[in-house]
Amino acid sequence: MKKNESYDEFIKGIWRDNPVFAQVLGMCPMLAVTNSAINAIAMGMASMFVLVGSSFLVSSFRNLIPKQVRISCFIIIIATFVTIVDYTLLAIVPKVHKELGAFIPLIVANCLILGRQEAFASRYPTKLAVMDALGMAVGFLVALFSLGAVREILGDGALFGVKLFGENFEPWVVMILPPGGFLTLGVILLFFNWFKYKKDEFLEDVAAAERSSR
Amino acid sequence: MSKRDPRLLLFHAPLLRQDMTTPKVMRDVIIALLPATAAGLWYFGLAAALIIVASIAGAVLAEWMFSPSGRRGRTLLDNSGVLTGLLLGLTLPPGLPLWMAFLGGYIGIALGKVIWGGIGHNLFNPALLGRAFLLATFPIAMTTWVTPLTDEGFFSVYSSNLAWPFMQAAPDATTAATPLGLMKFEQEVTPLTELAFGKIGGSLGETSGVLLILGGVYLWIRRALDWRIPVSILLTVAVFSAILILFDAERFPTPLFSVFSGGLLLGAIYMATDPVTSPTTPRGTWIFGIGIGVLVMLIRVYGGLPEGVMYAILLMNAATPLIDRYTQPRVFGRGKETA
Amino acid sequence: MSSVLTAPAIMTGIGLFFGAILAIAQRFLKVDEDPRIEATNELLPGTNCGACGEPGCLAFAEKLVAGKVEAGKCTVSTDEALENIAEFLQVDAGRGEKRVARLKCAGGQRQAHTIAEYRGFEGCRAAAIVSGGGKGCSWGCLGLGDCERACTFDAIHMNANGLPQVSTDKCRACPDCMAACPRDLFELVPMNQKLFVQCNIPLAGEAATQLCATACDACGRCAADAAPGLIRMEDNLPVIDYSAGGPAAPEATFRCPTRAIVWLEREQFEEQEARSVENVG
Amino acid sequence: MENFLWIFVSALLVNNFVLAYFLGLCPFLGVSNSLETSFRLGLATTFVMLVTAVCAWVLNTYILVYAPYLRLICFIVVIASTVQFIEMLIKKLSPALFRAMGIFLPLITTNCAILGLAIFATNRGYGFWEGVIYALGAGLGFTLAMVLLAGLREESELSNVPALIKGTAMNLIIAGVLSMAFMGFAGLFSST
Amino acid sequence: MKALRFLRQGFEHGVHPAHHKEQTEHLPIQRVPFGKHYVMPLGQHIGVPSKPVVKEGQEVRRGEIIAEPGGFVSTALHSPVTGRITKVGDFRGVDGRFTPSIGIEADPFATQQVEAGEPIDWESLSLDDFIRAVQMAGIVGMGGAAFPAHVKLSVPEGTTIRQLLVNGAECEPYLTTDHRLMLERPDALLEGCEIMRRKLGAEETVIGIEKNKPDAIRTIQSRIPEGQPTRVVPLKVKYPQGAEKMMIRSVFGVEVPAGQLPRDVGVNVNNVGTIVAIADYFLRGMPLIERIVTVAGNGVTYPANLVVPLGTPVRDVVKFCGGLKPGTREIVMGGPMMGRPIASLDVPVLKGCSGVLVFTDAPTSARKEYPCIRCGRCVEACPYFLNPSRLARLSRARMYDEMKDYHVFDCVECGCCTFACPSNIPIVQLIRTAKDDLTHRKEPAE
Amino acid sequence: MSAVPDKGSPSSLRLVMTLAIAGLISGVAIIGIYEATLQTITENKARELREAVFKVLPGVSDMQPFVYRDGKIVVSEPDKDEPVVYGGYDEQGAFVGYAMPGAGPGFQDTIKILYGYKPAEKLVVGMEVLESRETPGLGDKIYKDMDFVDEFYSLAIEPEIVAVKKGTKTADNHVDAITGATISAKAVVRIINETHAAWAGQLPPSGSEPELEAKGQGGSGAGP
């Protein structure tokens, strides 16, 4: 029982309330760095580390932190993790760090992370909190990757730097430029909605069938 | 009630209508554009024809694919799709690969019209949205202007036209920077006569100012467009550049040059006037026009791009809801106020 | 490594400094707002539908905390959520028995005659202002679905007979449809009420029945057959009042010549439809 | 080297924080459903940005020289605290405004636009006035984008946008088109 | 004000529909023979319905009072025929709904003579008695709104009426009743004007007539008696010139502030029909029991201008005009711009009904509707400077409350916007729907 | 219901202390990571810088930073945002030229470059774009298009560098602009000119450059 409850927390983040597709949170880093798949993944990983780590701390200390300064405390915790990530990346993979530029520090400000602390971690026991965080983070990663992939494929004719369509493919520059980010995410959301809609429709039909059979 | 009575129709007054209908309006605009189109064909030959056809095809396809076959029926019949395609085609460089033109038309309608709920509901000018997309997507292809190939006879096309879908074009034809490009980057001024009758580098439709104005006059007679918009735009541009000249006659273009060069006439007369995406209130249209004029000159003179009409119009499209909202007409018998 | 010391020093310093500032702010800028309001608000569905009659959930929350309203007024949120609120505020949820919207008209396309053809904007109110929209009975349902569009909860769907069918489990008794209907045909009725009048015509006899096959012709049989006091005739229509008498029983409907009064076990118009079909066929 | 005009215009239009840097999207998409609200939020953000610029400058000049590695966390804490302070002020002074902002006021606190401003200003080594101008441009740019989007959204309420697209998808696409239009400003005042 | 006056001559905006008056403008006014059944709705004027004073089965004579005013903003009703009261109850009214009315069966053998009413010495009547008399005579505005005339006469303290404006514009296409009236009974009109003017204490009488009725203008100008302070002002042919506020604007260059009444700018507007009714009552003792109706449109065999006893079913009227052509689709009471379509031929002609227009195939209603392309033609057309496009879109989205910000209640439903709209959008209907919702919406009680 | 908030506000002392403690902990944590990574990071930075410098100054094998303090060039690490140039020396430790960082507005956003300058011949001998957000496919030619980069291998800097339309190059202080990206190209040229002008008065006369000090640990360019 307990086990699959936390499992639910995990799974819901990936699809049903995927932070990006369903809740539309934390899109700034999302859109900013996803002009290539590799950046997307790097960013996803970084965020995951921060989210999980801080969720763990916050939910452990949740009873010690007074309401009035909770936000400040959350932020301090998050910021610490981010600084850690920042320096680590800088040390290990300076190239990627250069690509992601100012957006690593900006993970601090990612609404998703803070939002989770407020909405979940600060209210539920550690285990659930971590599972929830994991789910969210993976969901975020998935979203980032799909966006990054689409943008890189169209915008550069490549995936992970591997050219897909031969040399003289005409790249869709816009995909790498800011507008591409917005438009692509918009279209992806469109498909997400469409899928949900179809699903609901299906469920409706089933229900109707049952009702009539009754 | 007796059985022999006719079954009466209940239809709300008024029962009278003036005879203009939306499809007729659109058709008029198309007619007005024909001369300029013809000129395009004359200068750029078959290439022009193909590009226009391609973009119209893209537009109509999108329209047909998405438009709901619901209560309003498919909106193909109202000509606006074709018009969008045509206008887009006229704003494209002659050397553009056809597949790009097609894509432009398609995106223009899909992104600029369908998702908003079809004709009348879009907030951005579909044709220009399509073009903006192309420009941002294929900046090089969209900014290489080829020389008119009148001398090579009508049926020749640029090899770049025929690039395979999604593939690059072989950069071949002798490029000719647009008058504005020349002005901006080489400080060369193109003589006015050429501008007015247009044996110059530039997009298909923008090359012959006189014919464009002709069409505009026709539309104005047919009451198909709101004269305030083109007038305010052109005046603003003229005044703006006149003022600049006072500072530095060397660096800055003359008013006439500013008015006749680039896509200004095409944009001011046929695109800024798109009723759907321009304000409905009289005062609003003035503001709208002046805004466009200023933005155009800003981008042309101080901006990175040689031409800014398209961006100016799109930007003012974005501002239109605000303009409309704060320029509500003063209601009869009420003091000044905005809704 | 001096930094080993500087870092914590600076951090603690900053921490102290702003901690102090905020603390002081707490003192002087304190808005005496009951924290329970915020908490309650978070427990509410947050649809801001106004079903509760308040401008929005937050406003409702305030009234809740102030004890001015009962949680039950929020017809939208689930019972469980209401329990939570009640438990949290230590007040009784006070949710009455479930009510749903019922239609006071059964004159669909198959029963009610139209005398003229309406052409214009799809909408009941729009049609009603054009000489009554062509329906013979000027009190009955126009069947153009204003209520369907008005319902926030997708509880209304127009059925094949052109009548709005309210799904009893979706309906939250938010009175949107009542407000939308130009002919005031909806009333919110307790779920447990089964006896029900489906006509709104104040005419009697011929005058009524020539307009609509299922019009109440005010014969008064139902009043006679029902338990004393339960049904009384008011300007040519039966009025059912559980408080005044009872118990209610299906018998009251048996002798109704036009089936204007019905005994509803399930959703309105479900079986109704079946019957009218065979009427026609 | 970079004159004030360029700094301002660049932050306002060319590199608009929302439309070119994707900063502060949450409020941008969340609160932009009503004109007044977005306008007020925009101004609030602008104000916060100015505060930020000042804080950043102070920190950079007086504290971080000793401990550069504390940059991020100092920014965050200082800004966050300052903004929370402001939040209390607003709550005190205009509850209506506070309500309109809903959950977003706490979120301005760490709105990435704000942090981003601090970081960019530092990376570019802006001095005090440069920083302030930059903040002003960025803030007004944010407001401009917000207000435009809000207007467009209110208008699209009246048009029959297909149900599938309504909502965030639509807003994102509008934003995309907006940022496409803003590309027109590229290079503004950069080449003399 | 003077300067302004000649600067801004005429009102702005408005439209120019073809006026289609040639069908009937040359036809002299005829009487319809009396029929069998008559229906007098109790609420055929703006305001409180009248109270019936007759019982079923009771005999009544033509011109005899059958209902008395139900309040101040209400008038009396008189029997249009000599006959028997068949029923006091619900009949289907013009708006398609059932409304309390008095049903009368004409006595086939009666001579249908009016009681020889004597002229009333109106000069000696005190103003209050005069107003009372007008009310008891059942006289209401004949210009369309059927607003009780005596209410307009009772000017509150502080406001003085300087001009009496007589509305002979008849800007609605097809209609020619006022036109014929001015041609055939100019003297009655001028007498009526004088009565009204004197009683109102107005300085002058102005008769506004659209220029497309030159004969009417000439006739009246030639008949004005010496020393009567009355002038005729020819007006531009433009719809809605006849709307009182527009006419005041054209004639005096003054805008009646929104939400206020003509009297607030010292003007009293009356339709020519109203004036003549006044004259008929005070000089001939004839209460309001009949009115002039134009029967026209491509669906009627013999178009005509008729004097019709009130309460006559439309059926009888069109029968007299040779019946309906086959394929008749739509019948409108009033003008084509503002009139109301009727659902059945049994509805009666009322005090406010200036025309019965019969159309075969409905070209307009068959037109395809397109989405609003925001072309702004409606904005340019609206004489009240509203933004119909926006109002229509809001109404479509059912955002009725927002429409108040756009002054939806200032709309007089003239129809200019809809006339001008190339997308054939039923703007007026959408606006009226909103008004109806805003005024009648049943707010949840509990 | 864990959503139920704590009734009544705690003492402000508690608030302060919470913040302080949080700050303390995080401070410690950060120090930890910082110390752990400092080594590698500085090395990375140094390596990058060296590579860049050696690239723009052909034949250079060592370098040291110069700053301009009270009237003369001194060898030193720059203080906070103090302009710096790097002197490059060959194997023999002989002075070769300066590697000069410059920055300025491009088409989209600020462009940061580093270029090699030989005061002796008054020549630009190399140019490297360190940072730019120019449009892919157009503006990024300023570092992707080798023809353009090669323009800077021996380029006369006096009186000043001029960008001309492609193919119309006549003098040796001319640079072929990039068609379709004139702006970016001109931006690069302008940056070089401006940087040159800025330093012109401050660099010592050619030949009298400072000797290479503390040979070996060249260019610990970026430090804590």
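Chains here go by letter, A, B, C, D, E and F, matching the order in which they are written, and residues are numbered from 1 within each.
Criterion: a residue touches a chain if its C-beta (ideal position, glycine included) is under 8 Å from a C-beta of that chain, and two chains touch if they have at least 3 such contacts.
Everything numeric in this text was worked out from a predicted model, so none of it was measured.
**Q** When you check each chain against chain B and chain F, which touch both of them?
**A** A, C, D
**Q** Could you let me know which interface, A-B or C-D, is made of more C-beta pairs in contact?
**A** Here the pair linked by more C-beta pairs in contact is C-D.
**Q** Among the chains here, which has the CA centroid at the largest distance from chain C's centroid?
**A** Chain F.
**Q** With chain centres defined as mean CA positions, report which chain is farthest from chain E.
**A** F
**Q** So, what's the distance in Å between the C-alpha centres of chain F and chain A?
**A** Result: the chain centres lie 34 Å from each other.
**Q** Take the average of all CA coordinates in chain D, do the same for chain F, and state the distance between these two points in whole angstrom.
**A** Those two chain centres are 29 Å apart.
**Q** Find the geometric centre of each of chain A and chain C from their Cα atoms only, then give the gap between the two centres in Å, rounded to an integer.
**A** Centre separation, chain A to chain C: 40 Å.
**Q** With chain centres taken as the means of their Cα atoms, state the distance from chain B to chain E in Å.
**A** 49
**Q** Provide the list of chain B residues touching at least two other chains, using ranges where the numbers run on.
**A** Residue numbers touching two or more other chains: 1, 8-12, 111, 117-118, 120-121, 133, 136, 139, 304, 324.
**Q** Among the residues of chain A, pick out those that touch two or more other chains and give their numbers.
**A** As it turns out, chain A has residues touching two or more other chains at 67-69, 72, 76, 79-80, 83, 87, 173-174, 177, 179, 183.
**Q** What parts of chain C, by residue number, touch at least two of the other chains?
**A** In chain C, residues 3, 7, 10-11, 14-15, 18-19, 22, 26, 35, 115-116, 119-120, 129-131, 133-134 touch at least two other chains, as defined above.
**Q** Please give the residue numbers of chain D that touch chain B in the complex, ascending.
**A** For this pair, the touching residues of chain D are 35, 147-148, 151-152, 154-156, 159-162, 165, 170, 173-174, 177-178, 180-191.
**Q** Under the touch definition given earlier, write down the residues of chain D that touch chain F in their complex.
**A** Going through chain D, the ones touching chain F are 1-2, 6, 10, 14-15, 60-61, 65, 68-70, 73, 77, 124-125, 186-187, 190-191.
**Q** Note which residues of chain C are touching chain E in the complex, please.
**A** 53, 115-116, 119-121, 123, 125-126, 128-134, 138, 149-150, 175, 178-182, 184, 203, 207
**Q** Any idea which chain C residues touch chain B in the complex?
**A** 115-120, 122, 127, 129-131, 133-134
**Q** How about chain B: which of its residues touch chain C in the complex?
**A** 1, 7-12, 71
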